[in-house]
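Labels for the chains are A, B, C and D, by order of writing; each one numbers its residues from 1.
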Amino acid sequence: MDTVARAAPVNLRSDNVAGIAPEILAAIAAANAGSAPSYGADPITARLQDTFSELFETRCFVQPVATGTATNALALSLIAPPYGAIYCSDVGHVHDSECGAGEFYTGGAKIVPLPAEQGRLRPATLRAALRTAGIGHTGRVQPAALNLTQATERGTVYRPDELDALVAVARDYGLRVHMDGARFANAIAALGCAPADLTWRRGVDVLSFGATKNGAMGAEAVVVFGEELAGPLRFRARRAGQVFSKMRFISAQLEAYLQDGLWLRLARHANAMAARLAAGLSALPGIRLLHPVEVNEIFAAMPQPLIERLLAAGFGLYDRGGGEVRLVTAFSTTAAEIDAFVAAARRLA
Amino acid sequence: MDTVARAAPVNLRSDNVAGIAPEILAAIAAANAGSAPSYGADPITARLQDTFSELFETRCFVQPVATGTATNALALSLIAPPYGAIYCSDVGHVHDSECGAGEFYTGGAKIVPLPAEQGRLRPATLRAALRTAGIGHTGRVQPAALNLTQATERGTVYRPDELDALVAVARDYGLRVHMDGARFANAIAALGCAPADLTWRRGVDVLSFGATKNGAMGAEAVVVFGEELAGPLRFRARRAGQVFSKMRFISAQLEAYLQDGLWLRLARHANAMAARLAAGLSALPGIRLLHPVEVNEIFAAMPQPLIERLLAAGFGLYDRGGGEVRLVTAFSTTAAEIDAFVAAARRLA
Amino acid sequence: MDTVARAAPVNLRSDNVAGIAPEILAAIAAANAGSAPSYGADPITARLQDTFSELFETRCFVQPVATGTATNALALSLIAPPYGAIYCSDVGHVHDSECGAGEFYTGGAKIVPLPAEQGRLRPATLRAALRTAGIGHTGRVQPAALNLTQATERGTVYRPDELDALVAVARDYGLRVHMDGARFANAIAALGCAPADLTWRRGVDVLSFGATKNGAMGAEAVVVFGEELAGPLRFRARRAGQVFSKMRFISAQLEAYLQDGLWLRLARHANAMAARLAAGLSALPGIRLLHPVEVNEIFAAMPQPLIERLLAAGFGLYDRGGGEVRLVTAFSTTAAEIDAFVAAARRLA
Amino acid sequence: MDTVARAAPVNLRSDNVAGIAPEILAAIAAANAGSAPSYGADPITARLQDTFSELFETRCFVQPVATGTATNALALSLIAPPYGAIYCSDVGHVHDSECGAGEFYTGGAKIVPLPAEQGRLRPATLRAALRTAGIGHTGRVQPAALNLTQATERGTVYRPDELDALVAVARDYGLRVHMDGARFANAIAALGCAPADLTWRRGVDVLSFGATKNGAMGAEAVVVFGEELAGPLRFRARRAGQVFSKMRFISAQLEAYLQDGLWLRLARHANAMAARLAAGLSALPGIRLLHPVEVNEIFAAMPQPLIERLLAAGFGLYDRGGGEVRLVTAFSTTAAEIDAFVAAARRLA
C-alpha cells in the first residue's frame, strides 16, 4: 500500500473543515486551571482589551463571540437602524450565507447586494446605488451602513487605496462601515499592512475579527473603534446568547492566536498553500483560475467529470455547479497534501 | 504557613466559575484529528442524534448550541408566536437573567413572571393567571408557552407529579411546555428518574439540555421531542449565529458528557458537595438555609459582616443583598474546599 | 311609551363607543376638496406642525397616526433600545391592552409593570425598581424609559408636582419619559394647565396625543419635543404602516380638534358627565366609587346582580368581574343619558 | 381669463392625491349615528365578513386596516417565517416603497426582488431563483412566499393563465402566495373576471384588498382564504396598532365601496381615463408609452423640458428621472382634465 493511498485525501472544501491549531488547543487547556469569574469578568478577557488595543494601535473594545455569523450580525446591529439599508457585494456572506442573521439582529434592516467584480465592490457601483436610494423619502429604507469583506468571498483583497475610495463614498452619504474579517488574517498576511491600516485608519467603524477559519476552535471578536458602540454591543451580545459563561475559553483562544504572531504565521502558511495549489492547477490543461488568488481561496473552472472523479476519490472541494469549484487551504494544509491534490487532478483529468 | 492559607480560597459564586472536566477536554482534543465537515455535518454531531434519542427513549432532534441563553431563547421561539405570552416563575432565568433574549428570539413575545415558592411555580398560580389572561381578546398577548426551570433557580426540583399537575394546567389552556434544564443533570441526579420521566413523558415539548455548568467548556443542546419543530430550529439557530462552523467540538463535549454516565457522576458529586456545605453551614449559629437544598445551590441568610469577611478573605459567593447569599457547588468542588469554607465561616462569624 | 323606554339605553362601556364630533366630521368633508399631495406632504399636515408647536409653546414634531396603540408603540421605539426596560404602572395600557405592540415596535424591549395606586405610579416605587435593576449587568435589560398615562387608566390624573417627582427619579437613572395621553384632553381639562406644563416642562420627551376617544374618527399624534427624534419617527411610522397616503384626512381631524378650543370643550363636557354620574351613583346604596373621579372614567363596586340587570336592560358598561365596573363618559354623553342610567341603577338595585 | 387657466391643473402624480368618493364619505357620516362596540365588534364590521365571503364566493376572513403598507406587511407575516424568503418583482411595492415594513412585520424575513418584465414576474424567472435558493441549507433563508402585485406597479395586469403558471412554480417549491391588490379593483375592471378567479381559484392564500387609491379615505382589508390564518391575523393586526377602536368607520368605507358595484364603477372610470390619456399622449410627437396601459397607470418617455414645463404649469405628475414619467388617473379624474393635460402637453412640447 503506497503512501498516497494510506493518507486521507486532502479536504479543501473550506477552511472550516480544519481543526484547532496546537497552540490554541494548549491555551484552552492552560486556561482550565482553577476557577474564573464568568461572563467575561475573567482576567484573560480583561487582557484581551489591551492586546487588541495594542494590535490596532488605538483604544478599541472587543467582544469575544463564537461564530462569524454572530459577529457580523452584532456588528451590523450597532450601525444600522431597523429602517436602514446595508450595502454589500452580491457575494457578501452577510447577504447569502447567514440565513438572515443581519436582518434578525438589526430588527429588519434591508441588506442590499450590489454587483461585485472579483468579489470586490466598486466605488462607482456603491455611489450609483446611493444616488437613487431615496434619502429622506419615507417609503425607502435609509442608507445606513456599508459592509465589506476582507479578504473577499472570492479570495481577493481590498488594497488600502481601494478601501479609501469606497469609504469616501460611504462617508459622502453618512454610512458607517463594517468590515467582515472572517479571513482578516489572510488579508493582513497578503498585504503586509498593519491591522490599523486596513481598518480604522481607512474609516472602518467596526470589524468582525475572525479566528475560527484560521486555527481557533470557535472564537471571533467584534472590535469596535470608538467608545459609544461598546455599551450597546455588550447588551446586544448577551441578549443574542453570545456571551459565554465560561468566556475565558473563548478569550484564551484569541490570546493564543495573537501571541507571538501565530495568527499571521498560520495565515501566511494557508496563503502559501493556496499559491502552491494555484500554480499546480493552472499548469494543468482544462483548468482555469477564475479570480486572482490573493489569499487562501481558489476559484477554478474545471471539467465536471474531473470534479466528480476528485470527489469520488475522497477529495474535499466545493462544487459550485456549472463546472466551477472552490478550494480553500487552511493553516493545517500541508505541501504534501497540495501536491497530492494536484497529482490527483492530473491523473484524473 | 498552613494548608488552608496556601490553597486558593474556594469559589462558590456560581457553577460557571468552574472549568472543563478532564474527560470533556480530552474529547475536544480527540476530535481535533483530521478534517471534518462543517456546520454540523460531521460524524460526531450525527452520532449525537442517536445518543440523545437513546438517552431519552424516543426519537428526538438535538441542536448543539454554546450558551444557555441561546438554548432557552431558541426553544421559546419554537413554541411562542410574537403575540404570545410565556409564563414562568418570577425567579425564572429567562425572565431576569438573559437580557431579554426570549423577547428577541421570539420577535417580541411577552414573558410573564408569576410568583414562585422555593423557586417552584405552583399549578394554582398558573391557572389563576391563565383564567384572566384574556384569551381571544385581541388587546392581550395570547397564552402560548410555559417555561419551567429544572432544577429551579432556588436549588429545588420539580417532582414528576408536580410536573404533571403544572402541565395539566398548561394543556387545559393549549400551552406548549419548555423546560430550562441548565442544571438538568443535577435534577436527574437528585430525583433518580430517567430523563424521559422528567421531560416528554411529563409533556415537555422542548428541553434546554445544559452541560456547561456541569463540566463542559461551552455546550448545551436544544432537544425537541417531535419532528415538526426540528426544521424551524435548524434555521433559527443558524440565523441566530448559533451554528458553529467547527461544530464537532461542541458535539464532542456533549458526547463525552453523556458517555459512561459522566454527566450524572459529575452532577451527583456537585449535589453531594452542596449537601455537605448545607450541613456544615446550618450547624453554625446565625446562618439559616432559605430553601431546601435539593441540588447544587444553597441560599442562605447570614450576617452581612460575615458575608463581607468571607469575600475579603477571597472566598467566592454571590451576595444577594439583605444578608442573603447564594453558594453553588460544581463538579470540581472538593470536600476539602467545602470544609475549608465552613471552617472559615465558623472562624469569621 | 315614555321617553326613557324609547331612547336607546346609554352606552358607557368606553369612550371608544362614541362616534365623531360634528366639527371633526365636517373637517373631513371640507378636506375632501380637490387633490392633495399624499403621505403627509399636504398643506393641512404642514400647518399641524405649527399648530402643535404653538399649542405646546415650543417647537415640536408631530406625526399623525390613527390608533393609540400605534402612537404609544412608536413613541416607545424612539426612546428604548431592544435591550431596554420600559417602566410603567401595572394597569398601564402599554402593558396589558396593546397585545405586545410596545415589544414589537421596540424590537423586544421589556415592559416592566410596577404596582400603582389609584392608577398612579409612585416615585418611591419607581426608585425601588431602578435600584435593583442591575444597571450595567449584561444579564439584565437596561432601564431606558418611563411610561406614564395621563389621565391614568383608573380615571385619575398626575398633578404637575407629581410628574416632577417621578421624572426626577427617571432622570437620576437616565430614563427618557413617554406620556400616554390617550385622554390627555381630559387631564388638561381637569387640571386647567397649559399643555406645556404637563409635558416638556415636566420633562416629557414624547407624548401620545390622543383625539379618537374624545371625538375624532381615528386620529392621534406622536409629538416629540426635540429635533433628534423626528427623523427616526418618520421612518419608523412608515415602516409600521402608519403613514396614510391620504394623510390630509387624519390631519384635518386633528386640526379641527384643536380649533377654537374644541378639544377642551369636548373633554370638559365628558368630565362633567362623569362627575354627574359619580354623584348620582355614589348616592345609591350598595354602590361605592373605587377611585377618585378626576376625568371621564368611573370605577365602582356594585352588586353583581345589579350589573347583570343593567346589562340585560341594554346599558353599556364594562364588567370587570368581582362586582366591579368601569363606566366611561364621552364628549357625546348627555345629561339625560346620565340621569337615565342613574335612575335605572336605582330601579334595578 | 379662459377656462383652462381658471381650473386647477389636473394632478396625475398618483391616485393617492384624490379625495374620498361621495358615497364613501356619506357612509362614514351614516355610520356616525349612535354608539357602537369598539375594536371591530360593531355590526358593520360583522357584516363585512359576509359581504366579502359572498363577493369572493368562499368563506374568507377580513381584517379592515387603514394603509396598504400595513395590509401587505400583515399578509406577509402570515405566510413567511423570520427565516423565510419572499419573492417579488424588482418593482414590487413591498420591496422598494414600504420602508422595510415586510421585514419588520415578519421579524426579518428577506424580500428577494426578481427582474420583472412590464411589471410582471415571469414563471421562468421565479423557477430559476428557486432552483438555486439552497433549500434545506441552513446558511440560506428558506423560500416561503411569493408576492404578486395585481395590477402591477407598471400598470399591467396578470391574466388568469399567467397567475396559474406562476402559482404552479410557487407550489412546486411549497411557497404560499400573497397578492398585493392595492389596485385590485382596476385589475378586476380591466379583466372582467370574478374576484375569485383572480385570487383563491388561482391559488392566492392572502390578498391585500385595496380601496384607498380607488375612492376610500383610508380603508384596506387583509383577506385570508382559509381559517387557520385568521387567528394570527387578528392578533398581529392589534399588535401592529392596526385595529381601530372606532373600526366601524373603516368598515363603513369598505361596505360602501362594495355596495352596488361602486368599486368597479370607480375603477372602470379610472381605467377609461388612463386609456383616454394614453391615446392622447401617444398621438403627440416625442412621447412614447413605455408599457401597455392596462389599468389606470401610464408610464411614458417624454422630453425632460416638457416634463419640467408641465410641472411648472402646475400639473401633477411623477418625474421618474431620465425623461420618464408616471401618470395615474383616479376615480375622480374627469375627461376634461385629461383633455386639458393632453392639450397642455401638446402646447408645451
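We adopt the following convention: a contact is a pair of C-beta atoms (placed from the backbone, for glycine too) under 8 Å apart; a residue touches a chain by one contact, two chains touch by 3 or more.
Nothing here was measured: the structure is a model prediction, and the numbers come from that model.
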Give me the set of chains touching chain A intersected with the set touching chain D. B, C
What's the farthest chain from chain C if centres are computed as the mean of the Cα atoms? A
What is the distance, in whole Å, between the centres of chain C and chain D, each centre taken as the mean of its C-alpha atoms? 33
From the C-alpha centre of chain B to that of chain D, how far is it in Å? 51
Rounded to the nearest Å, the gap separating the Cα centres of chain B and chain C is 42
Each of the following residues of chain C touches two or more other chains, namely 39, 82-83, 98-100, 104, 107-108, 138-139, 141, 235, 238-239, 243
For the complex, give me every residue of chain B touching chain A. 8, 11, 13-14, 16-20, 25, 28-29, 31-39, 65-74, 98-101, 104-105, 212-213, 217-218, 235, 238-246, 249-250, 316
In their complex, what parts of chain B are in touch with chain C? 82-83, 96-100, 103-104, 106-111, 132, 138-141, 321
Spell out the part of chain D that touches chain B in their complex, as residue ranges. 39-40, 81-83, 107-108, 138-139, 141-142, 232, 234-239, 243
